[in-house]
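What follows is a set of structures for review.
One chain, subunit A, appears in both complexes that follow, with subunit B as partner in the first and subunit C in the second.
Coming up: the complex of A and B.
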């Protein structure tokens, strides 16, 4: 009976948290749409003038204004805008003359591939470094890892990318240059997932796979370093927190080996907040790839957005902003939710 | 400060240091100066933080005396004789494609960097401070509404949003500053609100309320000043991010416009020649790196010195 009651309370709490989460997510997305609507409709030059030019007669201007729905009240325009965006209709790109959504679908896999490998590198190296720094707190290793992190926080990523290209591509020839893959392979491949590593591996084209990897490794390492700086710092502070707990003392008294205490006990508890940190870094990388993609001519969403920016292609810019923003917000809020679900302490409170 | 000591009735035989670290300050002045001194002691024992401070002070000095320090004109070069020269004793950092001395341009560019950082801080910090203190002091519906807005802005991708803002407003350094400021106030609001919530409970606020001070007066005169310290620490920690975002916008051609010697825009220019004339892009990037590293070190040191809880 009592266990059933506790289960009910727990279920109620979970559904409460979920309800609040849904409200927050709805409000935040509405906020994102409101901001992009505001940017697209209210600030810039008159969209009617952009279409008909400033010499058009009065009645043409009035007709186009009506066609664009600009004579309707602002809230109605916003409503139309939201319903269009929800259907995936961002309008047409002036630059490519494709629907923006189609362009985004084409460019997004490149960004996804880059950011995913980046976060794998960042978390794969950042977490062990953070653990090491915490265990050797105050020693030389800790200082060095701190400096490595600080440099990652402070260096302009686009500059580091340029310098890395000069050194590793132009001088040493260790990696492939800008772009995703050499032109030789570009048209022999049928895109299935759009992720080149997966596509080439599926087709068994190992030469192309190696080539794609050689192009990917440098920008992904840079993004990974960016993530590593944050992840290692947070890992260190979470681990210090755990290592000061009483259960660590108890484990030591029990005679467990130090490595078992660190990796099996302390890190497992630190993992809960770490998951949220890694999710946040992943969101940051998706956004941070804008600059990296520009440097490496990486044909992803970031490059698409900056190219559109330079051509004042507002539909494309706002469409890209909404997509990146949505993913960013989604990961952001998901990490909040994960935290409450994974950490038993937040449940009992 | 010795003058202060005598004015505040110093005990004979008391040194300045004793006066400063006294447990029983005899005046408000002595208490606040003493606290500042103790914070400074903690701060100055942190070598990395001192390094950061030295670099930031250096940046300010370079920006002030930019015209005296730059050996050549940052805007006009000699296309015939000094185009794309490698670093040499005559041109320490080499010259760019217009024959301009890169060192001179970096020195002049320090003014733009400082301008951006100071302006963003002046714009964003007060917004965050106002939103946070008002939300924290009013509580209830106002608090919920303001914090919801803050959370929404906090969940936004900052760089992309700044890009979209600048795209709409048109490129330029002022619009870049505005776009960064619009996207960077939410953390300050969060901090100010958290501080306000603890301050609100204190006896002296209750006393001020009993005297009959209006809510506005309480927030403006009694709560905000106490939140300033932690907001300043956070602003210093954010400075590096602001510099990097501004440089990123400049790199994309959305920030400062040519021929302004903005560091990010200089890298974008150097990118065209990077494979053969690497120094054109290398020097401004190194400048950005050094300055934002300095702000990070300074911010870390300030936080450790002013907030013992975070000093772990």
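Coming up: the complex of A and C.
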């Protein structure tokens, strides 16, 4: 068999896989759009009333209904909705009277910044803690890590957030308070990515950078702590499973050091399922955690969606839901991709 | 005996391994301890010793105790456990670790589970070598290729880059042997090395193992439940039952074995042309386990 022929086969397989991949994404999106759309139409919230109020005269209601296209048959409404969404048009928010897309562009980076730092903290500390707990199973360290995790699970985040603000902001003054950045800097900054750390660093405004970081670190640590509670728990259980495998005995019989066995052999195998856990935790944080954003006055996606929901602002809710759904789809695909990178058994040669 | 000149000098200690009154016990659920090995004693020179016995007879735990691989909750004691003049019972964990893979190696049962699924075979072989010798990566790689060749793998370059799931059981086990023997140990403990393989492949793997053990003048402890296999492959056989050695016979004189348990095992070996109805069963008299 010539190498050229083999390369062709491989290329064909790769393009096949890619094709299947795209079909899956397409179908998933269609499902997501259908679900969000029909939920938006069947819930007992009248978007017309939300706009004009309940004292508007009959003819105004009828006119607005027509303007919104609500008098058309449902399937036509869905078609219009999908074709608009494909152009990035989620309609206008009733609450902010901005296009929903513009609102999302403003709020999503705030959540992205918070969630990303949160997952870095959560995975960066949670994974080693879980490994440590697994290696010292049943010992004091394991119990302490168990309690740390349990607190993370069970203490309400808004209480912990308030306590953290009282201690680190009000008493000690180590960190910035609520909000993303001090007002002083707020209007001097031209948003490019919307991620304040990136924007300030790009502009070379290191004072503003430090200020943004001091605002970010507390809520991010808090989210990180909650992610850590889950990630360390899962890491521990995956590691216990791996450490009981025969290849660990073989690695010991080879005379490898314990640290090499733990980190290079067992954790390398445990990372395979762990990637999915971390990706889904990250997606959970990106969804926007309303309580944290409320406590820290963080103008993020979670707060935006919740406010919109409470005000029957359906365009904003649907737009936000689609963004959140996209994040889940994207991160799932990413973790599938990493899965094949980490586990040679799932690769097709 | 004279060792091949290209190998590191063999220690003059004879016997190489002395095991006296080895005991291994594990905590039992709900209190008390289960004794897996109860006072096993034997010595081993540069020879092939077979340990046979049924599941739970303590043969594997004996092998693991010699390597220092007893599970952490297990307790090991021995009046004497000497390897090449080193008192294993009083070694530091680090000294024990350096002996493992370097001077004493072990081949496990099933390459499907005993090779790390996410590392290439080559990396796993190189790893053993680099744990015991200071050596550049490229030199270790060359040595690993040679080791693969020494276990009758025809194209080591290809196998080196494969993952364990991409090779057959027989090839996996030969790679395992290469991985365990690359640092030139004096003693190899083979724990059911062929039980997971097809019968036809078993003989190939055994031939590879045999050739290497003889060529390098290693000691071998061959743990198996297969009496027939052990008797053709080893010089001497220990028969274990309920954590104790019930009989020691030289392989050639297996037919003269006296202990009723050994006789019972021998009876269970089917003979061509003989009637197998009813199938022979083993008696297990309680006094054997005393």
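By our rule, the second predicted complex is superposed on the first by the 274 of 349 C-alpha atoms of A that agree within 3 Å, B and C clash if a C-alpha of one lies under 4 Å from a C-alpha of the other, contacts with A are read in each partner's own complex, and residues count from 1 in each chain.
One rule holds for everything that comes next: a contact is a pair of C-beta atoms (placed from the backbone, for glycine too) under 8 Å apart; a residue touches a chain by one contact, two chains touch by 3 or more.
Predicted, not measured: the structure shown is a model, and the values here were computed from it.
Asks: Once subunit A from each complex is brought into register, does subunit C clash with subunit B or fit beside it?
Replies: These partners fit in the superposed model.
Asks: More subunit A residues touched by subunit B or by subunit C?
Replies: Looking at subunit A, the partner in contact with more of its residues is B.
Asks: Which partner does A:73 contact after superposing on A: first (subunit B), second (subunit C), both, neither?
Replies: After superposing on A, A:73 lies clear of both subunit B and subunit C.
Asks: So in the superposed three-chain picture, is A:268 touching just subunit B, just subunit C, both, or none of them (first/second/both/neither)?
Replies: A:268 sits against subunit C, while subunit B stays out of touch.
Asks: On the chain A superposition, what angle, as a multiple of 10 degrees, is formed at subunit A by the C-alpha centres of subunit B and subunit C?
Replies: The vertex angle at subunit A equals 80 degrees.
Asks: Please indicate which partner A:305 is in contact with in the superposed arrangement: first for subunit B, second for subunit C, both, or neither.
Replies: In the superposed model, A:305 contacts subunit B only, not subunit C.
Asks: Figure out whether A:204 sits in contact with subunit B (first) or subunit C (second), or with both, or with neither.
Replies: Neither subunit B nor subunit C is touched by A:204.
Asks: Go through the superposed model and pick first if A:247 touches only subunit B, second if only subunit C, both, or neither.
Replies: In the superposition, A:247 contacts subunit C only.
Asks: Now for A:170: first (subunit B), second (subunit C), both, or neither, which partner does it touch?
Replies: After superposing on A, A:170 lies in contact with subunit B but is clear of subunit C.
Asks: Which partner does A:255 contact after superposing on A: first (subunit B), second (subunit C), both, neither?
Replies: second
Asks: Thinking of the overlay built on chain A, is A:57 touched by subunit B (first), by subunit C (second), by both, or by neither?
Replies: It touches nothing on subunit B or subunit C.
Asks: Of all C-alpha distances between subunit B and subunit C after superposition, which is the least, in Å?
Replies: Comparing every C-alpha of subunit B with every C-alpha of subunit C, the smallest gap is 12 Å.
Asks: Residues of subunit A that sit at the subunit B interface in one complex and at the subunit C interface in the other, please.
Replies: Common to the two interfaces on subunit A: nothing.
Asks: Show me the residue ranges of subunit B that touch subunit A in the complex, using the header's touch definition.
Replies: Against subunit A, the touching part of subunit B is residues 148-149, 151-153, 155-161, 163-165, 167-169, 240, 244, 247-248, 251-254, 264, 267, 270-271, 274-275, 278, 281-282, 284-285, 288-289, 292-293, 295-297, 312.
Asks: Which bits of subunit C are touching subunit A when the two form their complex?
Replies: Per the stated touch rule, the residues are 67, 69, 97-102, 105-106, 108-110, 113-119, 127-128, 131-132, 163, 165-166, 176, 179-180, 183.
Asks: List the residues on subunit A that touch subunit C in their complex, please.
Replies: 245-247, 249-257, 260, 265, 268-269, 272, 342-345, 349
Asks: Which stretch or stretches of subunit A touch subunit B in the complex?
Replies: 24, 27-28, 31-32, 35-36, 39-40, 43-44, 150-151, 153-160, 162-163, 165-166, 170, 237, 240, 283, 287-288, 290-291, 294-295, 305-306, 309-310, 312, 314, 317-318, 320-321, 324-325, 328-329, 332-333
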